[in-house]
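Each chain gets a letter, A, B and C, in the order it is written, and its residues are counted from 1.
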């Protein structure tokens, strides 16, 4: 499924957050969106998922969802957004309970994704008993259980430590290679963007505009730090002034 | 020249010492009894623990204790059930609906601090001197803390959980039932704790008017008759009731909020 | 300026140099009239006493104030609570105050309009009805017991409803939530005039009894007997003035003046006071026999402790007994 953004602008009252964003997320690609804080990347992701109504412009989808998809556009959240009173399996079940799905089919799906993510042994654990990495795995399992056509990832790894992040990047890549689900990956971490994305969209801040669109023309198996260094350098030059400005601002 | 590093941490941490708690309680009772037995203080001013225990035992043996307890518990349970159910519904509306909040919150904030005891004469005019006015007094006292606890409990449910549910197309009623209510449960249970003790306080006030039986009526009558031993026996009963309620709420918290 | 200081000096001279301070807890009611008269007419001052009046809203606190030492003397109605305090050796009755007496309209038997329609039209009809009163053990509670005894019905078969205050009793009677009540004439007469309820008789005509008394603590009698004697002497002069003004009524000027004084202290309309003046025995005597009967009644009702001994409560050495 493709996602087409046509001249989207958004503001809260007098504050302009996004200005005239147009882009297309192609079928089966990972588009990373980076930018300093305050560039409106989370707002854009909200608009893409239908959780926010843009002040201007529109978002279109094109193409068909995979078979058995219950929720074509599905989020993975920065803070995991798990129901703390539900077990791992219960959290995955939450995404399925209101769908027309037999109990057996639901159990089968839950079991399938938990096995895929390596959570089977933790099915009855509560979120508070899990590490941050395991919690985000539950978030991923919940998203996969509805068989999404488009995944929207809102800084999914930024609440995790560096090592866990590294492990999860690899796991996510392996999963993505198996499904090739269209994905929009919002992050402020250049390395994450370069490791995962086909293209990187750089937003400027106040209001958010597309500064540039950079294709990551290195095969995914070849993305070593050395090979990515020139691209990283280019992206950093593109955003560093604004990142510094954002850093020195009152929050 | 090596020397061991000087330790300078420690302290400032309190640990539970159950034996000290028990000993302190026993010591207070023992000193109290000793002062009373020695006759330094007139029993009018300070009834002895033994006297209070005797009063309680007499009540239990004559069957009065159960009549008083049954009458009060019935009022408390009914008033609490009505008041907290209404408070829960109202608090939920305050937490979820902008119009309800705009209209209801100023009213609740204005009425909450009113001592409900002051409204008792009005309640008698509205509901008479029978059970309805007593139940209404307790229900009204319970309603406000419950509404406010529910409302702030709903406010404390992380917005991201609601966004998550919406992102999975979970229907509104299921968002309320499966996300907002369980998420507000810690707030609601602390509301239950507060309003249960308010119900106990108000039962004394409610039983001021026209009550033949009830722990509150018993305490008031003991006060009217200057029977200080009976008075303190009744107060002991109330405090035992309060401890029991606190225990039940803690039990509920441990079971329902195990996820915290 | 000079005039003021002369006035101050005169005032100093006028009070006896060694005036002893004492205190009395009291209700702002016409039944406390003798105390107000003794105070205003200077009888206390003449005995070398400077009496501080401490006002309370109900009979109970008046008695408690004497037990707790906040006041040295108290004068008010006799309740079961009073006897329980007195029974623990905390209070002694030393002189009489008001009595329910035939011809004195002090406490009215009241019937709600609803009960009136249902045929409750005399004190005898109170049997089996609900009865509003202030508190368990109050004078109202005792009076309904006396009525039941006289008319031969069982008070246990009535529903006695404690309502804590006179205003609550009024609204309960008005709303028909209680069938019957006994109310002071100051409240009862206006209610009947507005037809909010019916008066069906007067407790004084039906069951005369010793309603109120002057009392002090045993410690006062033991340690400051002379003070108690002086206080009672002045009190008796107040009672005599009350008797002259309101019971003998031979001196209109004295009556007018006494009414003014009562109006000042009770903060009530003179008309209302005059309509509800209780009988007070002219020599401040009281009936020890009646006290014993009250104690026995409360003990039978289990409202007074069995250990209360009526003989221990009364002291008849300051004022001789009526009996």
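The criterion applied here is as follows: a contact is a pair of C-beta atoms (placed from the backbone, for glycine too) under 8 Å apart; a residue touches a chain by one contact, two chains touch by 3 or more.
As the structure is a prediction and not an experimental result, all values here were calculated from the model.
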item	value
Chain closest to the middle [Cα centroid of all protein chains]	B
Centroid-based (C-alpha) most distant chain relative to chain C	A
Where chain B and chain C are represented by their mean Cα positions, the distance between them in whole Å	41
Centre-of-Cα separation between chain B and chain A, whole angstrom	47
Gap in Å, rounded to a whole number, between the CA centres of chain C and chain A	85
Residues of chain C that touch chain B when the two form their complex	60, 63-64, 67-68, 79-82, 84-85, 88-90, 135-138, 159-164, 167-168, 171-172, 175, 177-178, 303-305
Chain B residues within the chain C interface of the complex	42-45, 121, 124-125, 128-130, 208-212, 217, 220-221, 224-227
Residues of chain B touching chain A in the complex	158, 160-161, 163-171, 174, 178-179, 182-183, 185, 258-260
Chain A to chain B touching residues, read off their complex	49, 51, 71, 73-75, 77, 79, 81, 83-86, 94-95, 97-98, 126-128, 146
